[in-house]
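First chain written, first letter: the chains are A, B, C and D, and each begins at residue 1.
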Amino acid sequence: MEKRKNVTGEEGMKTQAFYGQVELDVIRAMKRPGVFYWIALGASILAFGGGMTLWGYQVLKGMGVAGITHPVGWGVYITNFVFWVGIAHSGTLISAVLFLFRARFRSAFNRIAEAMTVIAVMTAGLFPLIHLGRVWRFYYLLPYPNQRMLWVNFRSPLIWDVFAVSTYLTVSVIFFYVGMVPDFAAARRHFTGIRRRIYSILSLGWEGTTDQWRHYSRLYMFLAAFATPLVVSVHSVVSWDFAMSIVPGWHSTIFAPYFVAGAIFSGTAMVITLTIPMRKVLKLEKYITVDHYEKIAGVLLVTALIVSFSYIVEILMAAYSGNIFEKTVFYYRMTGDYKYFFWLMMFCNVVMPLTLFNRKLRRNIKYLFVFSLFVNIGMWLERFIIIVTSLGREYIPYSWGTYTPSLIEIGITVGSFGMFFTFFLIFSKVLPMLSISEIKEQGVGNETI
Amino acid sequence: MKQFEFDTQEEFIAKLKEIVDAGVKSEFITTLTPFHVHEVDHIFKTRPSELRYFTLLGAAAGFILSFMFMVFTVMDWPIITGGKPLISIPAFIIVAFECTILFGGIVSLLGFLHLNRLPDIRRIIDPRECGNKFLIIHDMGGGK
Amino acid sequence: MRRRDFFKMMSIASGAALTACKIDNADRRLLPYLVPPEDGIIPGTPRYITGTCLECTASCGLRVKIRDDRPVKLEGNENHPINKGKLCMRGQASLSRLYNPERFTAPMLKQKDGSFKAIGWEEAVKVFRRAMDDVKGKGLRNVFLSGLTTGTLDGFIDGFCGETGLDRLKEVEVMDYGPIKGASRRLFNRSLLPTYGIDRADVLITVGADLLETFLSPVEWHAQIGEARSKNSFKWFHIEPNLSLTGAASDLRIPCKPGSEPYLLAFLLKNISLCSGLPAGILQQIPGVTKKEVCESTGIGGENIEKLVESLEKSQRPLVISGGPSIMGRNGDITAIYTLLLQWSLGMIGRTVDMQHGFSADRVGTMDDLYGLKAAIEKNTVGLVLFSRFHGYDTLPHLFSFLEKVSFKVVLSQVPSGLTRQCDLVLPLAHPLESWGDTEPRRGLRCLIQPAASPLGEAKSEGDILSALSGKGFSVSYRDYMIEVFKSGGIDEEWVSKGFKIDDTTADNGAAKEILNWEKEIKLELPGGVYKGETLYIIPSIRGFDGRSMDIPLLREIPDPLSSISYGRWLTISQQLAQRLKLEMGDIVEVEMAVEPGLEKALLRLPAYINPGLPGGVATLYMDCLGDMDLSVGENAAFSMFCREGAVLRKTGERERLAMLSASQITGKRHILPDEEENAVNRHNHKKGHSTLYPEHEHKGYRWGLVIDLDACTGCSACAAACYIENNVPIVGLKEHLKGREMSWLRIEGYYNDPLKPEFIPVMCQQCDNAPCETVCPVFATYHNPEGLNAQVYNRCVGTRYCANNCPYKVRRFNWFDRSHSLPLFSAFNPDISVRPRGVMEKCMFCIQRIRAARDKAGDENRSIMDGEVITACAQTCPANAITFGNLLDVNSRVYALAMSKGAYRVLELLGTEPAVYYIKRKKNAE
Amino acid sequence: MRPLEIKGVPKIIQVLAAAFLVGAVDFLSAERSDGSMLIALLFWACVGQGIIALSAAAEVASGKWIKNIRPYLLDYYPYLAIFPIVFLVYSRHITIYAWNTGEGYWWSPSFFIIRNTAALLFPLIMARYYARSLEKESPRIKLFAGLYLLSFVISQSFMAFEIVMSLEYPWVNTLFGGFFFVESLYAGIAFSVLLAGLFKRRDVECFFPAFKDLTVMIMGFALMWAGLFYSQYLVIWYGNIPEEVSYIAERMHIPAIKNMGLYTLLSLFLVPFLGLISRKMKADARVVSAAALSVLSGLMVERIIYIVPAVQINIIPAALPLAILGIPYLYSMIVQYMSLSSPPVEN
């Protein structure tokens, strides 16, 4: 068994002091919100409410209030959907995939990442509804016996979406919750009154007996084993929303892996964006260390390279095939109405990540924070460009068109961020932010696969 | 009824070994630990958790049922779209796959709760707290 | 639409429903039809009556579809000699005049403060007569001023004017075919406007005449050209200084420098052997020009001139027509005369040019008459003016500004307009579909106007109003007058059922056989040179005619086929001009037009649309884009109103977004229009090789298909209009058009791959066999129905818009807002098809309601639908007969034969969508 | 200490011999067998580059298990030299390319040959640097490993897009390149499993972890392969654009090839995935090796499917080059197996 460093830093066996310390640190993060917290929460709720109001307006007036037109029938809403689903992905990746790869550094991030997943999926799930022309008929999308005697069209990628996203939400929630059961058991000790009661209920009366742990680790392993292909499948399905069509610039076999990589790329970036300020505010630096960030940055780099590869292949293939429609689209992307977006995206997703080859930068927290912000922007733009430019330059030149988001759309987008942060802030004070039992088991500090 | 408490994992393991070597059957021993101590399983020589049967069942059911359901729907009211065959397997596989995972996940959770008899109302009300200590509760009913 | 209007409309509807045939307010209780009444009105089943379209002066025959006493659709009258069952876009759209929410329902009297007050008829008549009297007192003239009047109404008005002592002035039409009439007056002493027999001709040379847009009787010409083309010997050359649909449709379009036409014609007169038959006196006067000179002055290539001479020499029955911009300018007269000389000397008159049955335009005056009136008014010798069907004012308000000086003005009008606001008394005129009457568009043909609905409110037909004004009251209706005019048989059953009758008694026999006065001096020398500098043509448009039709919303919604611009005003300029002025689409241009000294320069400010096909040095402006622009030229004949030489264009630096629906007018090699090599290969390559992984799917009995003959299609957009009305397609307006949210189910795409000859292709849903839109719909809102239709079930749609994204033809339309309350108003809706709520996708379904009806009928008679029994609205109205609809499974059907014929192809065949819409293009472009 | 060097026969000789033989076969073989070399080239390049790629990848991800078998894997890198040579010989068949008549700089045959030869040389060079840096224990090992991976990706992509895909121009499949290098990695893993299997039979303790991880990896890649395969098939099937579909449809209509296709599904997905799902199987070296073999065979068959309708081949002349290019690998394997009597001392 390899050496472990404990909190107090000196080598040796784990001690009661260590266990207690871990618990105290994590629990402390759950108590006494500061002023900052309240301000942030207030702002988020405000944005969230605003977004919802605008949505209401859109429902009353009709989709026309959004900027989408013929031929660009999808715009910012679907962009946001893909964006948020993407964000959701790193969560499962970090906790499930890295769990299977026995990558210890996950335990620093997994709880936060999982929370992010659950919240992001909820946010994402909203957008397909927002973009429906008749959202009050959304239940037509569910296969249930109805008076219309009609089932749903299982050949439609949108139905695949319904299943993929709801499955993803369910499994992520289970995974999230199961991971927390022992920690609830720990948490209940540290609270009194109503909160104590809630935690004890949530802990289901967990004690940590031999059998419990035995089944528990098995369950966790299975869930991880399920979640991993799920991540891939879900974002593949999302990518197929586009690839299944025959729209030039959408209909491309590389989309599935390309989107999955992109999703993990953006999601991991989001994890960095969130954890860096958080570990400061909640004083968890000793649990989320620079080594962890270096590893995460590694993940970023790899995914970025895959994404870049896809960009290049796409463009080259368009030129290679000599297919006039494909060529039109990609030429338009690079030189057309959205060229600045395109080149900004190229900078964020292709050029900037190359800096991560430098170990110093990988270990530079500040840099990573800025970097991650750029990546988020870049990935949002990527989806926007793929959707809009492809639709804008389809087969019939007569009905080419452009698209400008309306204020409503922008407002709702802001609202979605509001929603995300509202839930996330609440989570950060209500649930244990780190997997206590896991840290107890493994200790903290550098360890390798 | 005897109860031992330990501060470190190592002492705990040592004691447990000793008890078991003394020939006490594992079902008379309960241990409470703050995290999963794998050595315990080795000492008790427990078989791997039965959970996997639940998982397998759930997954299989998910795949088969969902696929059958889809086939049923297209047969129930055959509607041609885009010239694709009514039972277009490549398309159905996706939903079937998602359902496999959905059912697999849910059934495993249920299985887990069932195997551990959770949620356990009694324990919710007053749990046996071991703090961060390692406990061995030796039910003297068996052994010497 | 405003709530008030809505209620108004409902009241019309119910009012109409109440009073079945007779027009009275006797009983206002609503009675269900327990027993179908003998006149055969059964709720829910349409009934058809004949009628006559008065949207332009051609007066095509109508077949009015009436549902529950509400006209819901206008269709062409199959047997009518003019339009043979076809209608143009204006004719289709004219229905909506009937449902215009702004119509007058009662006589309106102008108050001191300039507002109008509704009054009763008695009072209106009183006011009128009082005005008449005190004008008489002052010893001034009372004047009756109207647009073209034909038929019995003509005589009736004479009578009326006699009784009431109004003197009836020359009629005012913005498009008087002055030069043509003038030419025949100068050669034959008769101002005649001949009809033409293009179908009888084997060579057609049109000089500027926009046959297919507005020239005299466009729908008729469409049919005749189709007829002529069926004889493949037929050749058609079109010479024009601008770009028109006609030019695009012709076999060879020959652009020429503006005003240079006479040079070409003179050359022809001199170089065609037959012309030596002209009286020597005339021949001498025609100046000789060498081919080189012609080439220089006209800018036409020598080889083309050769072609013209040669084909005229060879031809048995040639036909030369001049018109449009070519007879607008100061060279217009001479162009017309040369043309007439050609017609005479090549023996066209009596064979392809029919002088006996000329268009009745005798009463229509020219500019000079107008200046006469102006002078009179300025000398104020005129007291009262009574206007009727007077469109000039709204096209060219400044031209008629002098009318404002008249002390008392009375107008008969349906809707408020610039003129009505000017007038002191407005009398509500009934829509032609609400009144009795007849027209005589040309000698020997009488078309009947009969009511299809009861008049709105107090509105009356012109005849009734006039007789009331003459003091007779409404005791005798105009119908009685007509019956008494046609003593023999009165308005007999046959006339009513057929909608027209032919009596050659009125034909002008012995017209224009010999050139009567050739020895008299006819000035035939060529005009001094061709126009200098930019030339601005102000031409009538296919959408607005001379501007009178532009108050129909639908005609603004459907884009102008050449520019694909729907709303707004624009100036069409040539690529060359644009390059010189560094203009881009939508740059606002300032046009300064030469006027005679003394007047201040006339200025126009308009956004520019750059047209690749327009000859250099020319700019064109549609009359319906004039608005209230000042075209004043003074009375000097050297300055003609609609052809402004030496116009100066300037870039202003401002921009305005044009509502241009086409993003690009070049296809490239996109398999939309076939290019040469594709012509060579058999285009049905989709059956070859293994190109799909899907099983074949069966169609039960029918596989509906459409064949569109692009060689015949002229881009006239009548189909689009018909589609809008048949399918209740919403009209969304400029703001949405600028966003690209037009709702047209059927659009005309114009492509300038060859700038000389733009090609037009109507695109509607292609009803694909393997439709990409269907599979992606999560809720089965669109699917492939057993008859091969790509059905769209509005109630299932949740509005994901994925189908529209995935439709390569981009023919799916999304309802961005609730349109159910906007124009066309409720009563105008076709009750057989639903009005789509917001948030659902809609599209063409081959007029499924018609198919359904036919299937039911066939079902009752237990047989299957016969070929040609169902016909889509677009196919039905297509003046060029370019669209054929039918069952592709029936190998004997016409549509099958055409679809399998050579040159048939499908758009974007390479996508394997297997559309059911076939296009035919045999002719290579620019051949 | 490196087995092959003790046992003489310098690699360069083997390389040249193999290349020469293949060339000979190709020249002697009948008219209608343009593809004979192509298959050999594709398959062995896939395996050869994959082997090195695996160790490089593990290097970059700093996987511990790789340490013990890495030198054995790197033994094979000199064989990468065969492929440029073989390609040059093969390039006389350039006329079989549909675009051959097409114009444009990119389509000029000479440029085609140059760029693809380069693409095949690149990995060899990088592998050499990598191997050297390893011997010298230089700190830039990871760098060179990374560079090798880059060259590997490029080379495989070129092979996919240029040498295979452009056979049926204008058929386009953007995932093809990615698919190729994943498969190559897959092949590398399968091959290494065979090695590790051998070692395991010899009960060389220190190879157990490698063996364990590799078996798991095989399962993982089986799944991944299925995913990538599916996401190509699905997109093409769903889009139903004749230009794309015809590629599959044509093959479906040739029964032999259809069966081959089924075989690839079986051998590349079902066998390695389901076969190894249970613990016991994973532990049994025989089963695992069998699975690995099925993977390799599957990959070979797949390459035949790629090229066959476009290229004429006969069994004999097609099989020969395959066998020939296989000899060096087989030989080295045997040598390594022997050499295990004195297992190398690893730190």
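One rule holds for everything that comes next: contacts are C-beta pairs under 8 Å (C-beta built on N, C-alpha and C of every residue); 3 or more make two chains touch, one makes a residue touch a chain.
Values in this document were obtained by computation on a predicted structure and should not be read as measured data.
Visitor: Relative to the centroid of every protein C-alpha atom displayed, which chain's own C-alpha centroid is closest?
Guide: When every chain is reduced to its C-alpha mean, the one closest to the whole-protein mean is A.
Visitor: Where are there more C-beta contacts: C-D or A-C?
Guide: Ranking C-D and A-C by C-beta contacts puts A-C first.
Visitor: What whole-number Å value describes the gap between the mean CA coordinates of chain C and chain D?
Guide: Inter-chain centre distance comes to 71 Å.
Visitor: So, what's the distance in Å between the C-alpha centres of chain C and chain A?
Guide: The computed centroid separation for chain A versus chain C comes out at 59 Å.
Visitor: How big is the gap, in whole Å, between where the Cα atoms of chain B centre and where those of chain D centre?
Guide: The computed centroid separation for chain B versus chain D comes out at 41 Å.
Visitor: Centre to centre, by mean C-alpha position, how many angstrom separate chain A and chain B?
Guide: Taking the mean C-alpha position of each chain, the two centres sit 27 Å apart.
Visitor: Residues of chain D that contact two or more other chains, please.
Guide: Residues 234, 237-238, 240-241 of chain D touch two or more partner chains.
Visitor: Which chain A residues touch at least two other chains?
Guide: Those would be 150-153, 155, 159, 229, 240, 244-246.
Visitor: Send over the residues of chain C in touch with two or more other chains.
Guide: 692, 694, 770, 772, 775-777, 780, 911, in rising order.
Visitor: Line, ring, star, complete or other: which describes how these chains touch one another?
Guide: complete
Visitor: Would you mind writing out the residues of chain B in touch with chain C in their complex?
Guide: 79-85
Visitor: Quick check on the complex: what are the chain A residues that touch chain B?
Guide: These residues of chain A touch chain B: 13-16, 19-20, 23, 143, 149-155, 159-160, 163-164, 166-167, 170-171, 174-175, 178, 182, 185-186, 188-189, 200-201, 203-219, 222-223, 226, 229-230, 233, 237, 240, 437-438, 440-441.
Visitor: Touching chain D in the complex: which residues of chain A?
Guide: It is residues 229, 232, 236, 240, 243-246, 251-257, 309-310, 313-314, 316-317, 320-323, 326, 448-449 of chain A that touch chain D.
Visitor: Going by the contact rule at the top, pick out the chain D residues touching chain B in the complex.
Guide: The contact residues of chain D facing chain B are 230, 233-234, 237-238, 240.
Visitor: Tell me, which parts of chain A touch chain C in their complex?
Guide: 61-64, 67-71, 73-74, 128, 131-135, 137-138, 140-141, 148, 150-153, 155-159, 162, 241, 244-247, 324-325, 391, 394-401
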